[in-house]
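Presented sequentially are two complexes of subunit A, the first with subunit B as partner and the second with subunit C.
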Partner chain A sequence: MDYSLHFGAVWASFDKLLSGLAIGLGLAVVAVAIGTLLGLLSAFASVAPYRALRSLAALYVSLVRNLPLLVLVLLAYFALPQTGITLDKYQSFVGALALYSGAYLTEVFRAGLISVPKGVIEAARSIGLTRLQTNVSVVAPIMLRNALPSLGNTFIGMFKDSSIAAAIAVPELTFEARKINVDTFRVIETWTVASGLYIAACVVIAMLLRGLERRFPKF
Partner chain B sequence: MQVFLDQLWIARFALWDGFLLTVQIAAASILFGTLLGGIVGIQLSYAPWWLKLPFRLYVDIMRGTPVLVLILAAFYIPSVAGLSLGPTQAGILALSLFAGAHIGELLRGSLQAIPPGQAEAGRSIGLTFPQLLAYVLLPQAARSALPPWINTGVELIKGSSLLSMIGVGELLLKTQEIIGRNFMTIQFYVFAGILYLAINIVLDQLGKAVERRVGQH
Partner chain C sequence: MDKQQPLLAIRGLTKRFGTVDVLKGVDLDLDRRDVVSIIGSSGSGKTTLLRCVNLLEEYQGGDIVLDGETIGYRSANGRRHRFGDRELSRQRSMTGMVFQSFNLFPHLTAAGNVMLGLRKVLRLPKAEARAVAETWLTRVGLAARADHYPSQLSGGQQQRVAIARALAMNPKLVLLDEVTSALDPELVQEVLNTVKSIADDGATLLIVTHEMRFARDVSSRVVFMEQGRIVEDGPPEQIFGAPKNQRLAAFLRNTRH
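And then the complex of A and B:
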């Protein structure tokens, strides 16, 4: 094997990789923010006293969790225009990732909801809070705190999945890496650096999340 | 609808081939991933720190890198290293390495959840370490690792769709080729989605059934 490492070609385009990383993070943040709303709604629906709501939430979760994200992305970008809804590549990717993360977050929040002690809810009801008030100011904060570690893990997962945006030519990290790879043929260097950037970003996010968990002690 | 059914009939062999390849890729990856994950899980649980280190590094690198990056790296890197792998082989390599890390980590979790008294009891009746693993620890770990192991299968079926990006003719690439011919975008993507759902829901239900059985003990 005559291949000697030359990282210079990759460092020359390092700013592109960094901007790609920023785009990936941005996509993940927006998608998980929307996904959190979807997940909260669907988690409350999944423990609701109405059968129809519970089945709807279960259908959403099993439908989306069992589909490859790439299929959702391609549907949103290429197939949706056929119905008259045209989204650009960023919107369609964020939409698909939000829908996808919402299904995973439903499970996360559901586990959080179940972990809220019954006595706390009874106490809130007995001091005269309505059902809605109880949910908003008592159940939701405890549930969010208990769900924080899994929420963080889901966010890291979705950040990694933002790489799939490369399939519809969103210029994020994987897309830029593939371009450098094809332009320079510095194959080993390119993928080592790209993978290193992903790992570094994941480690930093994980550390920030651990810090957040320490600031808000568990209920 | 009639047009779609006609097109579906024309495309039946292509879709069937793609579907079959998707299942084969996932099956091969879970097989290699389980062999690898078995070794990794045991090393992570029982090896001395200097031996544990490379395995820890492997698991963390695999879990910190997106699957798509692993696939692209496995597709491009072997050729400069003098290995010639076809796209399908490269894809199976990437998915197996990914699965090996995940299965290794979940096996470690299951092994460490076994009460220490079990290993002590095994040792005190004179079992060697391999015997202890084979007769006491692994059977108990397998029980709790089985449901998430089946879940890894779902992840691999989903992950195999990414191989369409390196030109492996699995279900999604075949679907894209068919769409390229007849422009029935929604219909064929939805059809592919239904096929993925069908495989995964079967796996998912299997996982839940196993979990219920395991939970009874």
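And then the complex of A and C:
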């Protein structure tokens, strides 16, 4: 093997990688925020006392979760405009990832919901809280605490999935790395540095979530 | 106020779980300040009766009238309709319930547990709710534990918080469902003492219990249930001293040790 390492070419474009990382993080944060909302709604729907709501949630999860994210992104960016809805590449990606993360988060939140003891819910009802008040003040906080560890897992997964945006030329980290790779032919260097950035970002996200976990009371 | 009218009047209450008749026509009256204990073997319908009064269970027949108001169902054109969530919630807030397994909100402190209903149901401002909560926690001997989470409290302490949580709402009637059954033996007495003291303060209590001595000490009346019916109802001296019903006599022999 006569490949010798020269990181200089990569460092010269390091700012591009950093801005790519920032774009990926930004897209992931917006998408997962929307996805969290979707996931919460659909998780509550999946345990609702109404069959129609449960079926709707089940349909959503099985439709979206069984599609590869890349296909979902391509649908949003290339197929949707044919029906008259035109989204730019950022909107398409955020929309697709939001939908996708919402489906995964439905299951995460549903597991959290099932873990809330029935007696605690009855206690809330017995002092006169309505169903909605019980869900907001009692069920949701307990569910979130219980779901936090697997929530962190899903968040990290969704951030890494921002690399799929490279497929529709969103200038995030993977896209920028590929450009540097093509321009400089420093294959190993480029992808090593890009990998390092992904790992560093994920470690920070994990640390933040651990911190959040510690702030919740243990029960 | 009409002195003749009981605070709680249960008439012909029937309840089915699938094909099993759990309550087969229960009639029971409670006056203000009454302390009524329900005894009977497990499966006799005691707990189900309490849960019907707190509207945690639906029932198929009969009426429950609390302070002159028929709760749970309204009748129209000879058909019964369960009230909606909002109305059921309002009616539930008139009764307090203390559960066998405490059921404290694990994400809230002792004070937070007591405050939740005060804030959300009675709409008290935060400071006022906190003051009421502290008063009640002091009342059950837990002033120093106000900012502890349930997981940091013993079973007896948790149950006393649950009692404070129920009573702080100023309910017309408090339902206690085997409140010492899940406790370690050495913690039973502190909870029974708390119940005794709220009874002495004039609360109206409907108690399901297996603590016969306690039922005898604290009750103004004791009710014996058997297979979904009330088969004997009288003052504790009569129930424990001179039971008329043979099943009751047998039940008391088996529980005395």
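Quick note on the criterion: the second predicted complex is superposed on the first by the 217 of 219 C-alpha atoms of A that agree within 3 Å, B and C clash if a C-alpha of one lies under 4 Å from a C-alpha of the other, contacts with A are read in each partner's own complex, and residues count from 1 in each chain.
We adopt the following convention: a residue touches a chain if its C-beta (ideal position, glycine included) is under 8 Å from a C-beta of that chain, and two chains touch if they have at least 3 such contacts.
Predicted, not measured: the structure shown is a model, and the values here were computed from it.
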The answer to whether subunit B or subunit C touches more of subunit A is B
Let me test your reading of the model: by the given contact rule, A:Trp11 touches which partner, first (subunit B), second (subunit C), both or neither?
neither
Look at A:Glu122 in the shared chain and tell me whether it touches subunit B only, subunit C only, both, or neither; answer first, second, both or neither.
second
So, A:Thr130: does it touch subunit B (first), subunit C (second), both, or neither?
second
Subunit C-touching residues of subunit A, taken from the complex the two chains share:
117, 119-120, 122-131, 133, 137-138, 141-142, 145, 216-219
Which of the residues in subunit B end up touching subunit A in this complex?
60-61, 64-70, 72-73, 76-77, 79-82, 154, 157-162, 164-165, 172, 176, 179, 185-186, 189-190, 192-193, 196-197, 200-201, 204
Parts of subunit A lying in touch with subunit B, wherever the complex brings them together:
1, 3, 62-63, 65-71, 74-75, 78-79, 82-83, 160-164, 166-167, 174, 177-178, 181, 185, 187-188, 191, 194-195, 198-199, 202-203
Spell out the residues on subunit C that touch subunit A in their complex, using ranges where they run on.
54, 56, 85-86, 89-90, 92-97, 99, 101, 103-107, 116-117, 120-121, 149-151, 162, 165-166, 169
